[in-house]
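Paired with chain B in one complex and with chain C in the other, chain A is shared by the two complexes that follow.
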Partner chain A sequence: MSETDTDRTRRLIIASFWTVILIGLPLWWKTTDVYRAQLPFTEIEQWSRWEASNLVFPLDFTFYFAEEDETPIELEQLSENIERALNEQFSRDAEADGLVTQLSVTVDSVKWKQWDKIVRKENEIDVDSFGNSMEEFNGRYEFYIAPGDGDMRVNLGNSRCAFVQINRKDWNELAITKILPSLLFSFFHSEYLLLSALFKPPSPEEKPNIDNMRAMKYSPRYQITFSLMNACPSTLLVDWNIEEAVNMYLKPFLDELKILSEVTVDSQVQYYAQLTVTPEKNENEGYYYLRPEMLPHFVNSAEWNLASAVSSYPTLNLILYTPEANQSPLHIHNSKGHPIDNNAFLIPRWGGIVISNPQTTNNSYKLTVEELKPIIEIFISQLRGLLGVRKFTSDDKELSAKVRYAPPPSTAITAWELDSLIRHRTAENIVAAISTLKSLSQLVSEIPNMVVLDHIQTEVLQALDSLKESCENLRTMSYVAALNHAKQALERSESAFFDPTMVSMLYFPDEHKYAIYMPLFVPVSVPLLIALLREAKKKK
Partner chain B sequence: MSTTIALSSTAKRDLILIASILIRFLLFQFDNVTEILGSRVEIVTPVTSFRRLTEGIYLFQNGVPPYDGGIFHQPPLLLPIFAYIPTILTPILYTCLDLVFAYLIQEITRIKQQLYKDCPRSDGDEGEIEPWVVAGCYLLNPLTIATCLSKSTVVFTNFAVVASVYYAMKGNRSYAMFGIAMATYLSLYPITMVALIILLLNQNMPGKSIAVHCIILFIGWLSGLIGLSYLLVGSWDFLSATYGFILLLSDLAPNIGLFWYFFIEMFDQFRNFFLVVFQLHTLIFAAPLTIKFRDHPLFAVFVLGGITAVFKSYPSIGDASLYIAFLPIYSEIVNYMRYSFLITNIFLYSSLLAPIFYHLWIYAGSGNANFFYAITLVYSIGNIVLLVDATYAMLRREFDVRNPELKGREVTQK
Partner chain C sequence: MWQPYRLVYLLLFNQILLISIYSAKTSDQFRENLIIKPLPDGKVLTHFEFSIHSSNVDESDYDLFPRSIGQIFQTYKARELHLTFTQGRWNYEGWGYPIAPSAGTGVELWAWLWKNENLDKNWRSLTNALAGVFCASLNFIDERSTVQPRLSFRPEGVYIDSELFNSAELRYGSLPHENVCTENLTPWLKLLPCKSKAGISSLLNSHKLYNSNFHSMSVHVQPVCQQKECHNSQLEILQTVSTVFDPVRESGKRDWSLYQLFDRDITRACPLAIESNIVLMLPEVEDYSIDPEPFSIQTVDSTKRRFGVYDLTKSKTNFKLMMKWKEAFFEYDINPIQPDVYAHRYFTGFGQEHGGIKVNLFNRNPTNSINIQYCDVIPWYLRLYMHTLKVTVNGNEISSGPSYPIKQLFYQLAVDRSRPSVMEANISLPADTITTLSIEFDKAFIKYTEHPPDANRGFDVGSAVITTLSKAESKWDSILYQQTQDGIYTETLLISLPTPDFSMPYNVITLTCTVIALFFGSMFNLLTRRFVALDSENRDKK
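Moving on to the complex of A and B:
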């Protein structure tokens, strides 16, 4: 083998090593490439800087004036005047400046004689029978206005109708354009305040809203667990007919709420449920009582098995507690030291508790459906608070009008309340979806090593689409559709944000990469590079 | 005065033959021996396990696609072999394969000695090794015996490689290429030896260019085998279940290789990249070795076999038994080897400690994965030291033969 021959062999060998390495290089690039689907950053940024200036929660009011022969109301110009006054009043309010108010007014006249008699029949007016139910929908309200002798009074129905009686001396166009806007303002103002607060960045000095603190965070599904806590079944074995009671009294309420959230109900009975607090005894009257400061410790979370294994949705716990014999009857005192009527209390964002003292000498007792009715009523009022239902009232103390409410419907929620809740939840979901998307885009742009797969991109795009749809529906007053789109936007943005592939590379600085590559490739590359350099030198 | 019973070399050969057959038959009688050996991670791997093959055969015979179970990862053509051979005959089949392997390696030695008999030799050389000794070394190698008793299907791969080498040295192009195609079909890695087989064929007829013809033959045989497999199982699933399984390392169960521990610890994002790097390890040495030892392709088969045995994704001691079988053929380099003592000790050390550490980790719970992984590293180092030392010895001997005056001097490559 000659000298040139060995040289050639060596060169060939070095070349063959480098060939394999060169083949490896594109594979290196390909296999360690961080896949990042393009996210619509600018669009998300636009949404987050939006500050609700384009969000509209339009309302449409129709006023039916009584057609009276004595002093007819001139309808011409009236609708524009009322509308202008109404919008001015809402937009004048500095606190509600975030929202664009879009309130439209229609006026019409109805033959007075037809319902003259009904109105005269004193206060019991079935306002709900006035309305034309075909034209009713969320955001559209009808007011029937008639002159009367006494003070101004308002009869609020359970559906979207109200009857307003105005003193006869105010029965002219000028007075009406003042009275009606301030009446509406007093009813809807608080809702607008709440809505606009959602879109503002939270300020620390702002005092927290009690209603908001009580209500659960929104979820498309909730689980309600009824628990009968029997403290001492050996002296008194309590059972209840809960299924029938729930179907009879609670179901109509839940059916109404179905638009917002699916609610599943289950129940359980637990025996020997011990309290962690010891009730005190009122010696004079012979009963036991709990002071208000003892109530936070009432629930024995260590021993009462209240965690639901059935679902992962937020759970609302409703507990009926029957105390043991030597602590009964058990009552709850208010801060002044008097027993409270309903013997129940609410734990914000957790659930409600009712204490029941069955009067019986037997050692077993079954709560019938009739007996459960008042208890379920308390539970429903607690659920209203927990689910964020706000009572629809006038917040203006100076309003001279007497407001009468129709007897509560069997659904335990009026159309006014439900509408308001739907609007509130829609706004809440839109805000939550936008802030989730914003966090996501911040996270992705801050961590360049994070893998962003295609399905994340799809989720984000769909969430943005849903947001757009939702806002579009708000503009056209399709509140239920807007709510559904807002729900979807929230769900999609959260499923993108909490996707497991997003967290795998959450923390992976570049130094880690050196630690991964160096141990193998530095030792390997030394002889390869030296051989290459030597050959290059020889060539010279 | 001592009496030595001098046996003639044929008598010794017969004795070894009978002894090795007896050992195998005897041990095959003890079910628990084959059972234990057949489940040791050092001996069988997911791609060679006979138990997994049995599962595949059961599914195959019941009309279920054999790869659907997710347990069987061996090429489909093994199925009919064992499906139609009675269980009784399986030990005989494995013993016969070992014996034929021994015969072939003996013949290879003979042909090699014939080929190189005119080559200049170093004055340090002792007489040439008797071909039957090479066969005996293979038959009595404990690694070979353990592999045979475990009924590992790596035996078929080894046999295909040695048959290919044998026919290549005999100059039978078609059979040689069929052998290496079969080996590739069975366990993929022998594809690195194709060039060497062509070089071996070339030794018989120097000057003629047969490479193209051989490569066409190889591709033809391989596609034939794969096509036959497709006809047998009726779908292409077997490609991903066998070769995909080998390349992508779907099974991270411990074995004596370097892959499993590394890829358990690997960050997910880098897994693909390091898979490429590790698989390229077996490939990167093929071309340089072929170029360097183009005059000694048989020796290159030995080195490349060793590299495969260390760097493949599911190695077992059966892979080592293949390449070690080629070592005694080059008995002349033994004198040039510097670390024979160290290597012997490393092999003894690791074969003793590997089962112990595995037991401590898996069964006793008093050790952890690092114990066993350390031993697999020692085993790999032993193999690599052997390869490096043998390569050094080979090159040094070549050098000494060409430059007798520099014998014993320090030589450095510049």
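Moving on to the complex of A and C:
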């Protein structure tokens, strides 16, 4: 065998070893790889950058002008003019940018004769008798406009209808195209501000919105727990007729909210529920009080049984506290040191507390349904805050109009407020769903050896579909459908994100794998490399 | 049926008729009782019972009945629920029978659940929810340790046989390794209407309770009837704590006082209780003094046993209680009392491969044979061989015939990693005998990930339960529990399985890799290097 022959054989041997290794490595890589279903990363990325969205919250206003013989209003062109002025005013507002406003206006006239039916004494009208209370009419509002003497007056009903009286001197097309847009702007501006704030990344210098901090995170179900905290039953045993009171006063409110969230109510009585703070005594007037800075420590969560063992939905705790005899009567001071009227306070995103000092000389006392009424009213106002209901008011101080609100309905929520809440929750859910999907895609791309199963992929795709549907429904003003789709999007994205297989702790870090393969790969690779180097040297 | 509060019904019937103002006000009725019994060996048994009867538990509005338990009970469609935490073992030969049946060491949970398609899911959720409420590892009662006994664990509340078996199913699970401590007592106390702030429950001081020879704490939720006709069934939650203290250990005397036992006195009565009694079981011998004297003394006619009763609703001031014996020091009785039926269970055999279980069932009744139900749950990693089951009576093996003690035998075969084996037997114990059951098993070699973190400690095997349905008056040293269904628990056992060296897998990987690498290196060198024989001539030339 000649020298060159052996060299050739040696080179062939080395080359064949390297061929096996070069083919084997990707094969090994492939076979040890974990299963990862393909996620729509680019689509999620688009959503999170607001490319696919162009979200709109359209509103539709109908103005009915009184048909007067003396100075008739020319309806032609009027609707376009008002619409243009209205859209300009909303889009001019720099703070609410990013949100496309789409406000449409229709005008019509109604015979003055017909007004007599609805106008009562001194122009007070029963606006609710002809407003739309159906949920499908969310976003469609009616305004009845008539000339009158004196300042502009607005009579706001509880359903989607208002009566506006404009001074006779402004009873012309030009003035109306100015007055009506600014009126609407003053009512709807704050809602638009809140909506657009949702889509903006939070900036550190901006003060967080107090309303938003108070309201609970959206959940399809809430649990409301009424607790009667009896500090010392030895001296005063308090009982309550809460079941009946809830059915009577709270149920109408919860029924209205059903479209947003299911709410279940339960109640309990806790005895010997003692405070962790000691109230101070006002010696002059003989009462005890809590300073505002003591209130955060009011709830004794270690000893009061407040947690529910069966429900995983957020719980709103409403507590009626009756102090013990040697701390009674107990009041809450405001920051100026005066007792506050309703003797109640709200804990943001947690619940509300009312302190009651029953006046009795007996050692037992039962709060009747009638006595519970003012207490439940406080609880309802706290619940409105906790569930994100905002009062529908005009926020423009300069507006010369006198706004007169209809007395609050028995449901404790007006159609205006419910509409606004539905729109807000829809937007909130869309934002939450998108940010959850974004976090999911980040998690998956950060942990390369995390298994992504098919059902995660399905959930993500469905969530994206629901998001699309929701946006589509918003465009066509089907707010209820939009809300339901947004709910689904949120639920699906969360079920994908919180899936038990999506936990980073389940997977080995790569370092561990290398540590196991090291004793094989290093000693094997050394002779291979040396042989290769030697051949290369010889070639030279 | 076992309903210990009946004790007070029987004794204090007149007092119960005094209706408190609160019973009219609320539909829930709260009763609290403390039963104190000096034991023959100088120890003192204190048994607390708190019961709440509620007639409207289907509602979401709770008054005295604890909301957390009520909601768990309703949500997971339970019919009855029994949860017992025990630390230590009840000494049947030294103390007689307990007032309420103590469970075996650790945690025991059994429940009758309404039949529906979600029954097993409900059971899982039930264990998880209770784990959360009581800060215990109840969530470890999974399919692998849950069983459905066929003979034992009949409901303790009211039931009709035909209705029960068609509509409800039993689930039983236990955790013998679970330690019971303050973190379980605190949530338990929070279920009481007066917490530990007033009334008898204010005595429950965890520092003292866990410094005792035996401690058992339980929650029972069950339907009860108020009248014989059972027009409107109510739901009852019964919470008990039994503790055995040893005053002799500290002072050499068996004198005790409430303050000495609990470090506390009762300062105020619980205003929510319609009944609040301390019942002192008076010893038969008369060489003691009690301060204060019982407010009333009741006698049970048939046994002449006497009870001193203190009604706390009538006591306005601080309540103190002490008992003194007229003796310089306590002398142990060398003849311990022997209850009729008791049992011991132990492992036989040696090594890491085979073993056996032996149970001695004692019937000390000189004249009557006694029927018992024996229930033993053995984890799957002990593979029992049924053909090795041997029964001996007083040392003589009996394999068949009318004198064969096992009348009925249910056996569920274990399935690896999914269910334990269950042996249930209806056994007739002949009078004054020791009946011994023995069975052999193989120890399974389990996967290394199945070992607990403290692998070398071994595995716990829960108590066997012996249920007696006895009418014999003499069975109990009080006659109050006639017709009781009661559990006698054997010792829990600790078994060590073959335990691997847990660093082994990595060692094997590295060793194998090194061998392969060495082999590869030398083979590769052999293939690629040329070996030339050098002769000395050539070398010289160089």
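We take it that the second predicted complex is superposed on the first by the 461 of 540 C-alpha atoms of A that agree within 3 Å, B and C clash if a C-alpha of one lies under 4 Å from a C-alpha of the other, contacts with A are read in each partner's own complex, and residues count from 1 in each chain.
To be clear about the criterion, contacts are C-beta pairs under 8 Å (C-beta built on N, C-alpha and C of every residue); 3 or more make two chains touch, one makes a residue touch a chain.
In this text the structure is predicted, and so the values were computed from the model without any measurement.
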Open item on the list: One more residue to check, A:Ala307. First (chain B), second (chain C), both or neither?
Closed with: second
Open item on the list: On the A-aligned overlay, A:Leu27 touches which partner chain: chain B = first, chain C = second, or both, or neither?
Closed with: first
- [ ] In the overlay, answer first, second, both or neither for which of chain B and chain C A:Leu520 touches.
- [x] both
- [ ] Have a look at where A:Ala325 lands relative to chain B and chain C in the superposition and call it first, second, both or neither.
- [x] neither
- [ ] In the overlay, answer first, second, both or neither for which of chain B and chain C A:Leu533 touches.
- [x] neither
Task: chain A: partner with more touched residues, chain B or chain C - done: C
Task: Which of chain B and chain C A:Ile13 touches, first, second, both or neither - done: both
- [ ] Could you tell me if A:Val451 is touching chain B, chain C, both of them or neither one (first, second, both, neither)?
- [x] first
TODO: Enumerate the residues of chain A that count as touching chain B in its complex and touching chain C in the other.
DONE: 13, 17, 516, 520
Task: Complex interface listing, chain B residues touching chain A - done: 267-270, 272-273, 275-277, 280, 283-284, 287-288, 291-292, 402
Task: Residue ranges of chain A in contact with chain B within the complex - done: 1, 9, 12-13, 16-17, 19-21, 23-24, 27-28, 31-32, 34, 451, 504-505, 508, 512, 516, 520
Task: Sites on chain A touched by chain C in the complex - done: 6, 10, 13-14, 17, 233-234, 237, 239, 242-243, 264-269, 271-272, 274, 303, 305, 307-311, 363-364, 366, 516-517, 519-520, 522-524, 526-528, 531
Open item on the list: Looking at the complex, which residues from chain C come into contact with chain A?
Closed with: 21-22, 25-26, 59-64, 66-69, 71-72, 75-76, 129, 132-133, 190-191, 193-195, 197-198, 268, 271-272, 506, 509-510, 513-514, 516-518, 520-521, 524-525, 527-528, 530
